[in-house]
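Handing you a structure now.
The chains carry the letters A, B, C, D, E and F, assigned in the order they are written, with residues numbered from 1 in each.
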Amino acid sequence: MFYTDNKLQFPVRVEQPDPRFARALQQAIGGVEGEIRVAMQYMFQAWGARGDPKFRDMLLNTATEELGHIEMLATAVALNLEGAPLSLQEQASQDPVGGAVLNGMCMKHLLSSGLSAMPVDSDGIPFDMSHIYASGNIAADMTANVTAESTGRVLAVRLYNMTNDPGMKEMLQYLIARDTMHQNQWLAALEELGGPSGVFPIPNSHPQEEENREFSYVFLGFQQDGSEPPRGRWSEGQSIDGNDSFSARPMEPLGEEPTLGRARPKSGAQAEQL
Amino acid sequence: MFYTDNKLQFPVRVEQPDPRFARALQQAIGGVEGEIRVAMQYMFQAWGARGDPKFRDMLLNTATEELGHIEMLATAVALNLEGAPLSLQEQASQDPVGGAVLNGMCMKHLLSSGLSAMPVDSDGIPFDMSHIYASGNIAADMTANVTAESTGRVLAVRLYNMTNDPGMKEMLQYLIARDTMHQNQWLAALEELGGPSGVFPIPNSHPQEEENREFSYVFLGFQQDGSEPPRGRWSEGQSIDGNDSFSARPMEPLGEEPTLGRARPKSGAQAEQL
Amino acid sequence: MFYTDNKLQFPVRVEQPDPRFARALQQAIGGVEGEIRVAMQYMFQAWGARGDPKFRDMLLNTATEELGHIEMLATAVALNLEGAPLSLQEQASQDPVGGAVLNGMCMKHLLSSGLSAMPVDSDGIPFDMSHIYASGNIAADMTANVTAESTGRVLAVRLYNMTNDPGMKEMLQYLIARDTMHQNQWLAALEELGGPSGVFPIPNSHPQEEENREFSYVFLGFQQDGSEPPRGRWSEGQSIDGNDSFSARPMEPLGEEPTLGRARPKSGAQAEQL
Amino acid sequence: MFYTDNKLQFPVRVEQPDPRFARALQQAIGGVEGEIRVAMQYMFQAWGARGDPKFRDMLLNTATEELGHIEMLATAVALNLEGAPLSLQEQASQDPVGGAVLNGMCMKHLLSSGLSAMPVDSDGIPFDMSHIYASGNIAADMTANVTAESTGRVLAVRLYNMTNDPGMKEMLQYLIARDTMHQNQWLAALEELGGPSGVFPIPNSHPQEEENREFSYVFLGFQQDGSEPPRGRWSEGQSIDGNDSFSARPMEPLGEEPTLGRARPKSGAQAEQL
Amino acid sequence: MFYTDNKLQFPVRVEQPDPRFARALQQAIGGVEGEIRVAMQYMFQAWGARGDPKFRDMLLNTATEELGHIEMLATAVALNLEGAPLSLQEQASQDPVGGAVLNGMCMKHLLSSGLSAMPVDSDGIPFDMSHIYASGNIAADMTANVTAESTGRVLAVRLYNMTNDPGMKEMLQYLIARDTMHQNQWLAALEELGGPSGVFPIPNSHPQEEENREFSYVFLGFQQDGSEPPRGRWSEGQSIDGNDSFSARPMEPLGEEPTLGRARPKSGAQAEQL
Amino acid sequence: MFYTDNKLQFPVRVEQPDPRFARALQQAIGGVEGEIRVAMQYMFQAWGARGDPKFRDMLLNTATEELGHIEMLATAVALNLEGAPLSLQEQASQDPVGGAVLNGMCMKHLLSSGLSAMPVDSDGIPFDMSHIYASGNIAADMTANVTAESTGRVLAVRLYNMTNDPGMKEMLQYLIARDTMHQNQWLAALEELGGPSGVFPIPNSHPQEEENREFSYVFLGFQQDGSEPPRGRWSEGQSIDGNDSFSARPMEPLGEEPTLGRARPKSGAQAEQL
């Protein structure tokens, strides 16, 4: 069960409203790197967490934090839309550069939301929940969370570099810091789950003798001329999970040309296929 | 540029066709954990890779490998659909348990693809390319790849446990092994990029003095009663990136209640909002 | 800013787990009539609310309530998936009727979420955020909320009639009651905003002398033979907004056949169109 | 069965073509507030209407009307795209403000449709049919229609305020008037179905003694500090459905912390979860 | 402008309602091969048609016909859902084969539409309007229509083979016949536009001297070993457009390895990429 | 199985980077007329091809070619994004026309991909795999391929006309030439399958005596006044499949008004519908 106090987690201040920055901020709300994604991902991971409940509780706390981040960003979008042009004429009467504002806006900010935030990305595309990764495997979930916070911090840094509004920079400094923490937090959870050699390969509950071990630690090359594939840490030394050594070699096909035979009558195929 | 030899990377054999397992296999083709995702993700990461070209070349090789995995799975789906019921009557004349086959099938296998594979998941939902993560940050991309292969191997293990067809189990043993390698491969790339202390926080090109350091390494709690949040590796000891120490504390709101003021005339709001 | 106490708003109990009811419950989580929709809709309406802040605060409270409803339903889904078949064989060994369980399940409950809830509907389709209506017009938003709670209660009643598990029926009795309140709540807000004659036509800030009043209160018929359209309250008596009287008549086209002329060179049209 | 006479329901005239207004008009075609939505929604409601056929016939007439509205808007889009720039160079040679036209256009108008309308919104996003609400409950459908016409009229007013082309303003005055009628029409249908006390709570066929009456008419607060929630018409006086009185109080959790127990072997979880 | 007479274009009769056939029929309503697609595609092609208006008028007539086909199918779906199980218990008490009905249904027919048709496919996925092809090139549009009617007739034949209900077979015999006509109709339009040598390559308004003629009529092979590609009509004889002769040869890369250089500072890349 | 040599199929050169042309090129990558579509469509058609394997092999070769086209275009996008503005300020300091660059960009090129290509269209909308047509009927597939290459070449011509960068024009001349070939190639395949009279109506395996022949070759008119529909090749002369003669006539409804009767108790309908 959840509660609110109506307040903002961190102050949101806009000195120079810019409808185009409002559009850019939408990526941090409804983009695949955004805050709806992490809030909902951590929620569903928590609600499906089996095993030690400490992970469930941690996930629930951070999910709750992220809801407040959406709220901050939604407020920032609305504040950046103050004074946005409501008509093409209003627009054209301005100076040339400013005159381009309406072109650069998310037009749905004007037409659909009445100068408020929407659960969409910077191109106006609604977030879809297929991006919520909650696999039932706690370690796979943690890797998904590292990814979410890594792409999230990359995005926040790009937004930070895009603006020079002091209020927006201050808000983003907070959000970037939280992304730093959350990257570390999910890595810490992986450490608590056993670190690289304990966690991987995910799922660690599947016995490796039931996989085809000949191919478990070899980097396969697919160069057309059969030459060696590019070398790196992935082709020599101990594997990261500590269970074997890396090697590398060009791959050759082990199967034949597949053939499906004729189509069946009444299956809607062309007569020539029967 | 790409080439083919029309052959399968690994043999695909089905002893007991099962249209319901065909449906389940679709998750490994067009699900968010599936092979279209990794093939296309590694392609786009390669095509956008800036910096040391060895990562680009490695990505391109593995992307090319994954295309062959889609091909294997598509063949497996078609073979599992051999003999699937084409009519409700054909269905009903069978024994009760077998009689349920049509109910458990992906109906589009019958209606849309003519008993062949489709780029959809196990519920018939088409894959959409928003799941291709290629961020322009090579380390963030590697974390996304670890996630993809972790959820991918979880899925492959579940499919393996779902069937007892010897041909299908053999094919999945190969795919599970490749997922083992690929998890290790992307972790190895992260090691080559500097390991946890060199890579994180992502992007490591952003100066940490420009984030709000007060909040960079503290696990914040959002318990309604202000009590301490759940403790773990994430709340004490050195941070995983090695830049600071973890701590933990309940959060309190730092911002006020946000207020957007009145709506503007001609903005489509209700008169009471103006 | 938000808080949690980790507890459930109302007890969730399942006596007879049924994976097919788990699938049905997904509609109440990620269907367009479901709880993600209302939680996020009320959130975004609150964050974009301009004018009297009492509406904003009310919206925020109910949004927070709905988050807890998702949590209840997610728990109910996971509990209904206890004991679900993990393999086709496990399935086939059961009695014929029970043997159909795997056919009727959401296969992603097995393959993707590890027997937990997902933010998808009863056909496994992810919720997409285009269904969040937050228009910037407080009255339009209230009508959207009446709709959401009306379709939501219809769904909850159908789920209630579908099961006879005592725990599930008790949970649904609570959720149905809350939908009753919320239907009344949004209607009450419309009353507070002026009732039918004060609220409609939405937006009431647009001067009606700037619409084509000849067509503002007439029910137009489009019967092929030019006959009178079906009569009802909508074709006679005072209009609901109190501004005019209803009438009815067959419509005739007022415009000509539209013609777009020739295509432009270099526009990619066929030569015959130029 | 349907018929056409190739003519426009109302004249469509554009004096000053503006490709950016063409883009804005797309919201009224393929946006969630647009005409495809209402045309298809009323069609499917009609085709699924059970009970008194007068509602079915009324729905079918208005559905047919809305088809003609899409036609009008599609014509308006094509006319606004006359003279749109076909190349970046054509663009750059113009004056600075006009030079921004290509930036503000929907690029698919140029690349995909050859300067014609598309079934997409103002950001080029295709309409998807999940927005067609046809619930099988005639009253719930009517509330959905009030919502559709309320958000539709808000959009039409915004478009009206955005342009000063006399032809476009005239067309929009007609469409705004029709939205006025249709808001009233669906409200009238609700009145015919019994008005607030007869219609609500929807579905009125479910016996209220089978809901948890303790929670049916109380506004629940979720303030973190347990304080009273914001008061209004929703917290006092008779409920709108006339069945009880409103009250208000802070909510406390009635359920315990949910616990899902351990994961099952072979379910793809991590070993630590078993 | 459009009209209706409320009647069905062709009688719709169901002798043995089957909720699973209702689900299958959904593919013909909201599948990519279905009737919403053709109705809307022909509408938008008509509304954007430039050049000789006879094509526009023909398109509009057939678009109007297809609306009536959706109506027929929607009626057929509702009739097939008569008597569908409303509860899991009702289900379980039946005989084993019949007991599978609820498993094979589209669950949203029960939960969302109240036993009526929806604008979704046979897996419950809503139709999305990106499938409406209206390119602004009349010949390209005609090819898209041939495709739509070809896949449409394949689907209708599969549905015909799936059922043995006399009423449904009769309805499908009508729809299959119309698909026969429409395939021929669009082919006839292509003949009227000049036939293969006049129409192709589409767009025929682009001067072929501005394409790289060395590659305009050669079938390129991409076999890994550089062997000849499979031969057929496509590798010898006059080209279908009559402008040249077919040939075939293995392809070799004409470009070098692409290199994007270093990432830019402040672009969110990792430091190692700068 | 697939291979790569890391090289480009054809040189990709950009003399004057233009971020807006990068956005336009996205349509050729991830638009419905783009290269992901054809690559994946030919792949899935090949993998599901039943009957003479020469079609399978041909499809596989061209699918492999198209992968290299995506690679070329992705490279072109990245090169066009060199020097794109990273901030709103950088933008504003430029000359007015150039100053509009950021407005016309795909903002996700800056925020999500770090100045690289994405699998999205020119409005930033991700490609979705429902556009992959692989029907199990080889002739229907060929018509879908003609459509894909027709709309593809229309798009390529529009892009060619949009730019005057010599490198980009050269690349597009190659791609336009390949589209010329591929249009001819799929038409040649249809010729090999029997030409119009052998191929149509698709599927040709369905006996035409099982369709309602009265309606198989008649162009039906739906003019409101019952007048004759527009005449053309489609209304007279031999049908294109050679099986009959075309005729034309106005249509009249053959069915009655459909009626669904009352709703069932416990189906969630309103009491008035029961």
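Throughout what follows, a contact is a pair of C-beta atoms (placed from the backbone, for glycine too) under 8 Å apart; a residue touches a chain by one contact, two chains touch by 3 or more.
For clarity, every value in this text was computed on a predicted model and none was experimentally measured.
Among the remaining chains, those touching subunit A and also subunit F are B, C, D, E. Put simply, the chain farthest from subunit E by mean CA position is A. Same interface as A-F, judged by over half of the contact pairs sharing residue numbers, among the pairs B-D, B-C or C-F: B-C. Mean C-alpha positions place subunit E and subunit F at a centre distance of 11 Å. Our note on geometry: subunit A versus subunit C, Cα centroid distance of 27 Å, whole angstroms. Subunit A has residues 1-9, 32-33, 47-48, 50, 57, 61, 64, 68, 71, 75, 78, 86-87, 96, 100, 103-104, 112, 114-116, 123, 125-126, 128, 130, 135-137, 139-140, 154-155, 157-158, 161, 202-203, 206, 222-224, 251, 253, 255, 257-258, 260, 263, 266-269 in contact with two or more other chains.
Taken chain by chain, the contacts link every pair, so each chain touches all the others. Against subunit C, in their complex, subunit B makes its touches with residues 18, 20-21, 23-24, 27, 31-33, 96-97, 100, 103-104, 121-123, 125, 154-155, 158-159, 161-164, 222-225, 251, 253, 255, 257-263, 265, 267-274.
Here subunit B touches subunit A in the complex through residues 3, 5-12, 32-33, 54, 57-58, 61-62, 64-65, 68, 71-72, 75, 78-79, 86-87, 114-116, 125, 128, 130-131, 133, 135-137, 139-140, 143-144, 146-147, 150-151, 153-154, 157, 160, 170, 173-174, 176-181, 183-185, 187-189, 191-192, 196, 200-203, 206, 208, 210-224, 229-234, 239-241, 246, 251, 253-258, 260, 263-264, 266-269, going by the rule given at the top.
Listing the residues of subunit E that touch subunit D in their complex gives 1-9, 30, 36, 40, 43-44, 47-48, 50, 57, 60-61, 64, 67-68, 70-71, 74-75, 78, 112-120, 126-130, 132, 134-137. For subunit B in complex with subunit D, the residues that touch the partner chain are 154-155, 157-158, 161, 224, 266-268.
Within the complex formed with subunit E, the subunit B residues making contact are 1-6, 47-53, 86-89, 92, 96, 99-100, 102-104, 106-108, 110-112, 114, 123-126, 135-140, 193-194, 199, 202-206.
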